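The next part holds the structures, each set out as C-alpha cells.
Two complexes are shown next, each including subunit A; its partner changes from subunit B in the first to subunit C in the second.
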Partner chain A sequence: MAIRSFFLFILFFSSSLSPVFSLYEDQVGLMDWHQQYIGKVKQAVFSSQRAGRKRVVVSTEENVIASLDLRHGEIFWRHLLGADDVIDGIDIGLGKYVITLSSGGSILRSWNLPDGQMVWESSLQGPKHSKSFLLVPTNLKFDKDNVLVVFSNGRLHAISCIDGEVLWKKDFEAESFEVQQVILPPGSDLIHVVGFAAFSQFEMYQINAKNGELLKHESASFSSGFLGQVSLVSTETVVALDSTGSILLTISFQDGKISSQQTPISNLVEDSLGPAVIIPSSVSGIFAIKTDAVTIFIRVIGKGNLEVVEKTTHEIAVSDALSISEDQQAFALIQHASSEIHLTVKLAHDWDGNLLKESVKMDRQRGLVHKVFINNYIRTDRSYGFRVLIVMEDHSLLLLQQGEIVWSREDGLASIIDVTTSELPVERDGVSVAKVEHNLFEWLKGHMLKLKGTLMLASPEDMAAIQSMRLKSSEKSKMTRDHNGFRKLLIVLTRAGKLFALHTGDGRIVWSYLLRSLHKSEACQSPIGLNLYQWQVPHHHAMDENPSVLVVSRCGPSSDTSGVLSFVDTYTGKELSSLSLDHAVVQVIPLPYTDSTEQRLHLLIDADKHAHLYPKTSGALSIFKREFSNIYWYSVEDQNGIIKGHALKCKCTGEVADEFCFDTRDLWSVVFPSESEKTIATVTRKLNEVVHTQAKVVADEDVMYKYISRNLLFVATVAPKGSGEIGSVTPEESWLVAYLIDTVTGRILHRVTHHGSQGPVHAVFSENWVVYHYFNLRAHRYEMSVIEIYDQSRADNKDVWKLVLGKHNLTSPISLFSRPEVITKSQSYFFTHSLKAIAVTSTAKGITSKQLLLGTIGDQVLALDKRFLDPRRTVNPTQAEKEEGIIPLTDSLPIIPQSYVTHALRVEGLRGIITVPAKLESTTLVFAHGVDLFFTQLAPSRTYDSLTEDFSYALLLITIVALVAAIFVTWRLSERKELQEKWR
Partner chain B sequence: MEKGKGVMGAGRRWAVDFSDNSTAPSSRDIPDPPGFTRASVDQDDSAVSRQKKDAEANWKSQKAWEVAQAPFKNLLMMGFMMWMAGSTVHLFSIGITFSALWQPISALQGVGKVFEPYKDNKVDLLGPKLLFIALNLGGLALGLNTLGLLPTHASDWVSSLSPAQEVEYSGGGIPL
Partner chain C sequence: MAAVTPLLLLLLLSSAPSFSSGSRNAYNINGRVKIPQGPGTKGYALPGRMSNVKVLLNGGQNITFLRPDGYFSFHNIPAGTHLIEVSAIGYFFSPVRVDVSARNLGKVQAALTENRKGLSELVLEPLREEQYYEIREPFSIMSLLKSPMGLMVGFMLAVAFLMPKLVENMDPEEMRRAQEEMRSQGVPSLSSLLPGGAMN
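Moving on to the complex of A and B:
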C-alpha cells in the first residue's frame, strides 16, 4: 500500500516536470546576461545645459550616437546607424538638439537631446565627393532661425536648426578644389572656405553667411605643393606642410588678402627629424607636428613667426579648445609616464602656466591615450574645474575628474573580431573561490524569505528581494568548473587588439590583456588581430598545464605582410610567448591532432603556398609525418572564382632549410565561369562538431545513412550582375547556384541553381545538412533552403543478423578517394526576416535535436527547430511519418514569438552567434555579439537530463519524510491490531 | 492453528494411537494367523501398485506435456486477436496488448504451481517445463513486439552507430 502511494507520488512529480516552452518573466537574467556598449568614441560633445542631469553626447566608430550620463557613464539613449552611414560630425544645437552629419556628409539629422527622439532629417546632395564639416554657430541667425553651416559633397549649405530646411546653398564646382577648412569666426557673418586646388594652389573663398553670396575669391600658388592636413591657428591663419614635409607654410588671409611665410622645420629644431605630419588641433595660436619619434608644439606669434614651445618624446594627446570665457581658451594635454598619465590643462595663450596638473594611475592594459575631450564646471568657490573624457588604445572610455577615474567603460567589447572558449580551473581544496554567506543572520534571513516565497506569503518587496537573490547566486559566477559545464570563460579578441575573458555566469571581465605583439613597432607598422584558436586544451595527461589560446595577427592590412603569433594563458591572462614570423599568414588550418602536451597542431599557409607546422617541436613533427600523406588544404580565391585543392609535397626547398616548412602542390581546381558566377559565400562544418550517429531512422523503422564528412564545402555563387543590392536586377538576369564540394578530391557532390534569386547568402553547415538563406526576386521574399546528403552506397546495410554480429563495415575508416554514391534531398521555404547571422546549436554528444539560431535584422536571435527545415516534409504526411515527427509542409517557416532567444532584448549591431556545448547533453551555450553582448543557455529538446530550476526539492523531501513516517505508523498500528486479535 | 494447538497441548488428558504402520506382526503378543505371511501380501501389493504407479506416471507426464503445450493455443489466439485489434491506439488494443504481456509473465511466475500436480519421482518434468517456458516467452515476445520493444529491425542496431572515420583531412578556406 505504502509503496503504491509512493509510486503515485513519483508519478505526480514526474508530471509536474512538464517542459517549459519559453521563459517566464522572473527567469530573465537567471541564465542570460546582456551588456550594452557603444564602441570607440570618435567625437564627444558635452551638454552645457545648466539644469538637468549632466550628459555627454558621443559618436563612435561603430556608428553609434549615444548620450551618456556624466556621473556614472550609463547610457541614456543610443542609436545605431547603418554600417554605411558613417558619422562625420556631431554637435549640439540650441542646447537641446543633437545634430549629426553622416554618410559622407549627405545625411543631416537632429535628435532631441533629453530622450533621443529624431526631430528631423534632411538629405544633402552635392556635385562631388569631398570632406565634410559641420559647424553650429551659436549666434548666427537668419529670420530668427538658428542656422547650421554644413559643407559636404562640394557644397556649402546653411540649414535651419529648427526643421532642417536648407536656407541657401553654394556649390564649389572647381574640378580640383579640395576643401580643407571651413571657418566661421564667432560674431561675424563671413564664412571662409579654404582649400587646395591642383596640388599647389591655395584657394580662399569668402562667403556671406546670411545668403550664401560669394564675396571674395583669392588664390595663391605654392610651387612646393602640400602634404596632408592644415591646422587652423587663428580664424584667419592656417598652417600647412609642403609636400616634402620639411617646410611649414603659415598662410594668413586677413581681409581677403593671402599672405604667407615659409619656415623650414630645421630652423625651429636643430637636429633633423625626417618627414613630419601636422596634428590637427583647434587651439588658437598653437599647433603640433609629429615625426616618428617626437611631438613638437609650435606657437605662432604675430604674423607667421613660429616658436617651439615644447618638444617631447612621450606619447601625447591634445584635446580641442574649450572657451571658458570671452577671450580665453583652455585645452587639455595628456602625457604618459610609465604607469601613470599626467593631465595638464593650459590656457591657449599661456603655455607655461598650468590651470591644472594631475597624475592618474592608469592600468597598463589600457595602452595609450588616443583622444581627449575636455569640459569645465564651476566649483563651489566659483573657480573653474575641469573634467576630461579620454579614449584609450583599447577603445575604453574613462572620465577623469580631480585626479581620479570617475567611471570607465570597456567599449572595446563593441567590436569583437573572434571568440573562443576555455574551461575554468578544476575545483581543488586549495582554490575555494565561492563566497560564504556573510553571517548566520543573513543566511537565516535568506532562507526565511525563500520559505515565505514557497508558501506564497511573500509581499511584492520580498519577491523582489528573492529575485535579486536568485540573480546574484554565487553558484553561477564561481571561478571553478562545474558539473554541467555551464561555467566557462569566453575569450574574445577585439579590434583594438585586446583579449578579454568573460565569465559565462554573469558576463564580468575576469581578465583583459592588451596584446604586446599588436603594439606598433619598427618591424610591425600597423598590426591587426585576425583570429583566435584554441592552442592547448589540457584533457587527460596534461591536466597540470593551463589551457592557452593562439592569437594570429598580421603586421599590415595586405595579406603578404609577416604574421605574429601570440600564446596566451587563459587562466591568468598572461602572454606565454609570442613569435614574430618571417613569413605571411594567409591561412591557418587547425589539424585534428595534438601532441603529448595536448597542444593542437596548426598548419600556417604563407603567401607562397608553403605550409608551416606549429608548434615547432620534434614530437609534433613526428605526429605530422605519420599523417603527412593524408593532409590536404584548399584555397578559395573569391576574386577569380577559383577553388584550388593542394597536397603537401616535401620539405621546403630554397633559402631556409626548415624542418617545419613544406612545399605544396596543386591537386585540383574548380573554376567558376567568371561571366556567369561570382562566389559570395562559403561555409564548412565546425571542426569540433560532434555527430552521434550516421544513421537516420525514418518511418517504418527504415534506415538512411547520412553522408557525414568533415571535408565538405558549401559554396554559393550568384550572377555577377546580381551581386549588388537586392532589387538591382530583374529575376531573369539573376540566379544563385549552390555547390557541395569535397575539398580533398575536388569532386562536386551536388549542384543546384535557384533562378531569380539573389544574395546575400547566409549559410550554416552541420552534420549532413546545409541551410542557406537568400532572396527570391520572383516571390519578393526571403527564402531558406535545406540540402541533406545521404550515402546511398551504405543503404543496403539492412541485414539484421549482420548488424547483430557486427559483420558490417559501417564504422571502418573510409577514404574519400573511393567514389561515394550520394543522394541529396532539398526543400525551400519562405522566411519573413532578412538575416545578419546564422548558427546552429551544438551539444556535447550530438544526440539532442538541433535548432537554428537566426540573427534577424531586428538584432534579435530567433531559435527555429531544424524539424521545420526537413526536406522530407510533405503536405499530407502518412501516419508513420507523423509518428516520426514530420511536420506537414507549409510554404513559409513559422516565427513563434516565444522562441526569440533574446526575449525582449536587442543585440544592437549583431554580427555573430557562437554556440558552445555544455557538458550536459541537453544544453548549449549561446553567445551573440555585435555592439552589444548577449549570452544565454538553450536546451533545444528541453532539459531532459536535469531537473528544472524551479523544481521543488523541499516538497520532495517533505513527501519522503511523510511517507517514511506513514510506513512506521501503519506498521505499529498493524502490530497492535495483531496482538489484540491474539488475545481475543 | 497455533492457538488451538496451545489449548490442546495444555489440556490433554488421554490419547489413543490408532496408527500402526509396523511391518512386524500387528502385536507382539498375538501371532499372525497360519498361512498368512505379511511379506508375500506386501510383495503382491507392491507389484500391483508399481503397475498402477507406472500408469499414473505415464498419465502424469502425458498431462504435463499437454499443460506445457497449452500456451501454444493461447499464443495463436493472442496473435489472432492482436491482428484483429490492429495497431491503432484505443482501449481494446491497449487491453489486448497488456493482457498479452501479463499472461505470459504471470504464467512464468507460476511455473512451479502449474506443474505441481504432476510432480513425481519417476516423471521427468524438465522437458514440459522448458516447453512451457519457451512458449510463454514466445507469447511475451509477441506482446513486446507489438509494443515495438524487440530489436528486430536494422534501425535498432545502427541507430547509435558512430560515423565512420575519414582517412583524409582537409582545411583552408578564404584567405584571412
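Moving on to the complex of A and C:
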C-alpha cells in the first residue's frame, strides 16, 4: 500500500501540463532510430548524366519514386504517392527531369532530378480504360521542345517535356480496341500503335508524331484469337500467342502492310510443354516464352523464322535491352545455381558470345532474382563495363559490379505485415557479444569529455565527439537481455514472406529468414503470410529452450485455402518445423495457457467452423480440456453485418477423427440492419494488457470502479451511403453508431449514435475505455470521442465499515452471465488531423498513466495524454478536480509540437504503431512502421523510476565534494569556536 | 458588415478564374501553399523543404505535391464538400474545408476548419511554425542553484554559516538551557560526530 501511495504521489507529481515527451535536439538518435526504405522496385532508370553523382531512379510497388546514389545505395530524394496513385511508368527526360505516369495513366508528373522538386503535373483524360505507356523519344522535337508520348485511357498524347502542355491528342475510340504496344521507330516521325480488337482482330495504326494525324490503319483477322501479352522483337514485328497458348504468331507490319506467320511451339521444341506465356522483353530479335518448368529463348530470323537459342529449367531473369552503340544492344541474363547466381551480358544479335560472365555468391535468404536492370559505364581502358541492379524475391535491391555486390538495400522492410517481440538471451559466460570499454585511459578520457560537456567547457569538436560516443554506446546494442528490458528483438514478417529480427537498440538486422513454407510450390500456389504469434516464451522451468514464434500463412488470397504454420527460433533465426495444414485458417485465437514446455496454446478456426488445437500434444490437450467451457470467441462478417459469438461444443464428428479437432456452436449473433448500418471497425483490448487497479480515486476521495473485461468489443457502424470518402454524403444522410458488445453473452452494453458523422473510424481499446476518431460532417472536422465504462455493482463498497465487517461483495465471483450494472461516460473533442493509425502506450504493470499515439496523415506520431480524453473534463473544474489532474474542457485537443514522438522525422507511409512494455514500469517501447521504420522509448509520466539520460553525474559529484568540504570547514570553525569558548 | 460582404463576394468572383473547371461533374481544385521564407524561419532548415510538402485531399484519397512556385491542383474532383490538408514538417497548417459547387461550374469556396476563417482565395499559409525540440537552456548559475543538488548545497551552507550567527545573537542564558536540554537528550553535536570530535 505504501508503494502504491508512493506511486500515486509520483504520478501526481509528474502530472504537470507540460508535454511529457520532449526531446532536446542533441538527444535525437539516443533512444530512437529511423530507417528509410522504398519497397520492391518495379522499374529502374539509370541517369546518364556525365557530371555529378551517378544516380538511379526507381519506382516501387509501395508507390515510391526515389533517386538513389548508385555508389552507395543511399536515397537522394523520395516521394510516396497516394495509395491509389499506382505508378505505371517512369523515365528520364532531357537528362534532368524524372517523368512519372501514374493512376492508371491519368496523372503525368515531372520531377527535378537533382532535388526531387515537382516541376509540373498534368492530368490526362481519355474515353476509356486501357493499358498505359510512357515513351520518352530522344530525337522527337517539336519547336525545339522535347516531346513525351503517352498512351493512356484509350488516347494518345504528345506532351511537352518542359511544361507538361498537351501538344496534340488522338482518341482510339473503337469499342473493343485493346492497345498492346506503342512503338516509336527510331529516326522517323511515325508512331505505331498496335493492339487487338474484338478477340481476333489485329490492328495497326500509323500516326504522324508531329501532329497526331492518322496516316494508316490496317487490320488483320486471326481466327484463333490471342492470349496475354505481345513481345516486340523489332520496331516492325511483334510476337503473340494464340488463345490456346500453343501457336506462336509472328506479325510484322512493315510499310503498313500486315503479314504474319504461324509456328506451333511443338515445331520448335520436341516434347510437349503445355500452355506457355510470353515474357515481355525489349531485346530486339529475341523473345522468351515460359511454361511451368521451362523457359525458352527464341530468336527471330528474317521475316518470321523462329529458332530456339536456349532452353533452360533454371530460374532465369532477363533485363531490358540497353543500346551501347548505334546498332548494338546488350542485355543481362541471370541464372541461379545453388548458392550462386550467374550473370551474363550478351549482345542481342549474338547469343553465343558473352560480353561478360560473372558468378556472384548470393545469400540463400534472398531467394530468387525477380528483376534485372542493366547499365553500362566506360572503363579507363575505354571498354564497356556493366553493372546490374537486381531485385530479389525478398524485395531487396542489390547492385552488382565486377562480380561483387557493391551495395544492398533491405527494402522488404518497407512492407511489414505483422510484428512481435522476443526477449534476448540472458547474459551468461560466453553469451555476451558486445565489447566492453577498451581500456582505462579511454574510459577516463570519455568521462572527462562528458564532464567538460556538462560544465559547458567543451569545444564544438568535443561536443561532436561526445555526441558520437553517446550514439555508439555499446550498452544499447548488446545482444543480451538488460535489466530495464529496453533491449529486445523485434520480429517482423514482411509481405515477401521473410522474417527479420531487428535489434531495438540500433535497428540493425540480427538475422533474416526467407520462410521456406512461403515458397511457391505445387501444393501452395501463391502463399501469403498472415500473422505472427509468440509460440514459446520460456521463463521459469524451460530456461534452456530458445523462444520461438509462430508464423501463420495460407496458400491463396481467399480465406478457404489451406493454411501453413511455421515455427521459427528467435535466437538463431532457423525454422524449427513447419506444418502444412489440411484445413483453412480463418481465425487464430491465442489462448492464455501454456503447456509444460511453455508452448502457448492456439486455437485455429477453419472455414467449416471447426476449431483445431495447437500444439498437438497430450499435455496441451489436458490443459485445454480443463478450460473447455471457458473458451469463447467471436467472429465478424463484414458483408452481412453480423457479429457472432462462439463456444466449443464437442470433439469433431464425421470423417475426421482427430483428437485436436472440435466442433463449435454459435452462442449469439448481433445482426445490424443492412439498409442503415455497415460495420467499418471492430476493436478489442490487447490480450496482454495489464491493468494495475480496478479502482479509480476521483475527487472528494470518492472511488469509481472500472468495468474491466477482456471480452468487450467495440464496433462502429456507419450508414451505407456514408461508407465512402469524405464529401460523398450530406450530413443528413450519414450517421455513425458506436457499440460496446460483450463477446461472451452478446449483450450490447452501450450504444451511441453520432449524427452527421462518417468514417473512416480508427479506434483503440484499453482498460475500461475506448477512444475513436471519425469525421464530423456538420463541423467538417475530425472528432475524437472517448467512452469510459464503470462498474456500478461495486459502487457501494466505499463504506469502510462494510469492508471491516466483511459485508462487501469484492470477493463474489464475476460472471458475465449476470447483467452487469454499468454506467458509461463519454465526451467528444475536435481533432485537427486525419489519422492513419492509433495505439496506446502499455507498461509492464499498468501503473504509469497512458498516452495515445496518433499516427497522423503527415506520417508523424503524436503522443497525446489520455487525460485530454477524460469524460469528466468540465469547463470549470472544481478545486478538488483540479488537484486530481482534470484539465479544463476545451472543444479541441491540443497539438503540442514537442510531443511528436517522431520529432522532425516522418515515418513515410505509416501503417501501424506497436507498443511493447519494457521491464522498467515507467517506460514503453514504440515501434512505428510503414515504408519507413521508427523506434523509440517513451515514458508517459517521465522516468520516475530511473535517472534520465541527461542526469548530471558531474553535478552530483561536485555537490558531494562541496558538502564534504563544507563539513570539514564547519568542523574546523566549530572546533576553533569551542577552543575560544574554553579560553574565555 | 454590409459593406464587407460585397467586398468579400467581389474577391471570390475575381478569384474564380483561378479555380478552373473541368468537364461534366468532375472539377479541378487549384490552390497555392505559401510558406513564409523570412529571416525568422531558422532552425532545421531541411534542404528542399518545398519539395517535401504534400497536399492531401479527404484524408489521403488524393495526394499531390507542390510546384516550385507553391501551386498545386487536384484533378477530376466531384462536386461536394471536401477537406484539404497540408503536411509539411516544421509547420502547422489548418485543414481547409472546400466546397466545389456543381451549379457554378465548379466554383470553389474555402474555409479553414480550425478557426472557421473563410478564404477568398485558396492560398494556404501555416498557422504557426512547429518547434519539435526543447530549447536547451544555456548554462547559468541560477539553473545550477535551482537543481536539487544546488538546493542541497545552499541549505547546507545556510545551516553552516547562518546558524552560528543566529546562535550568537541568542541570549546566553537561553543558549545554555538549550545546550543542557540537548545534552540531556543525547543529541550529538556536530563536532562529536566527526572522528576528531570524540577526542574532546
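Keep this in mind: the second predicted complex is superposed on the first by the 907 of 984 C-alpha atoms of A that agree within 3 Å, B and C clash if a C-alpha of one lies under 4 Å from a C-alpha of the other, contacts with A are read in each partner's own complex, and residues count from 1 in each chain.
In the analysis below, a contact is a pair of C-beta atoms (placed from the backbone, for glycine too) under 8 Å apart; a residue touches a chain by one contact, two chains touch by 3 or more.
From a predicted model like this one, the values you see are computed outputs, not experimental measurements.
Legend: residue contacts after superposition of the two complexes on their common chain; A:Leu603 is shown touching subunit B, with no touch to subunit C. Contacts of A:Arg906 after superposition: subunit C is touched, whereas subunit B is not reached. Once the two complexes are overlaid on the shared chain, A:Ser266 sits clear of subunit B and of subunit C alike. Contacts of A:Gln525 after superposition on the shared chain: neither subunit B nor subunit C is touched.
Look at A:Glu121: by the touch rule set out above, it reaches subunit C but stays clear of subunit B. Looking at the shared chain after the overlay, A:Gln898 reaches subunit C, while subunit B stays out of its contact range. Once the two complexes are laid over each other on the shared chain, residue contacts for A:Ile708 go to subunit B alone; subunit C is not touched. In the superposition on chain A, A:Trp633 makes contact with subunit B only, not with subunit C. Common to the subunit B and subunit C contact sets on subunit A is no residue at all. Only residues 3, 151-176 of subunit B touch subunit A when the two sit together in their complex. By the touch rule above, subunit A contacts subunit C in their complex via residues 22-26, 28, 77, 79-85, 106-107, 109, 112, 115-121, 123, 125, 455-456, 725-728, 760, 775, 777, 779-782, 832-834, 836, 856-860, 892, 895, 897-898, 900, 903-906, 952, 955-956, 958-959, 962-963, 966-967, 969-971, 973-975, 977-978. Subunit A makes touch with subunit B in their complex at residues 530-531, 552, 554, 559, 585-592, 603, 605, 627, 630-638, 645-646, 682, 684, 687, 691-695, 697, 701-703, 705-706, 708-711, 743-744, 797-800, 803-804, 810-817, 982.
By the touch criterion given at the top, residues 23, 28, 44, 46-48, 50-51, 54, 56, 58-68, 73, 75-76, 78, 80-83, 85, 87-90, 92, 94-95, 97, 113-114, 130-134, 136, 138-139, 144, 147, 149-150, 152-153, 156-157, 160, 164, 189-191, 194, 196-197, 200 of subunit C touch subunit A in their complex.
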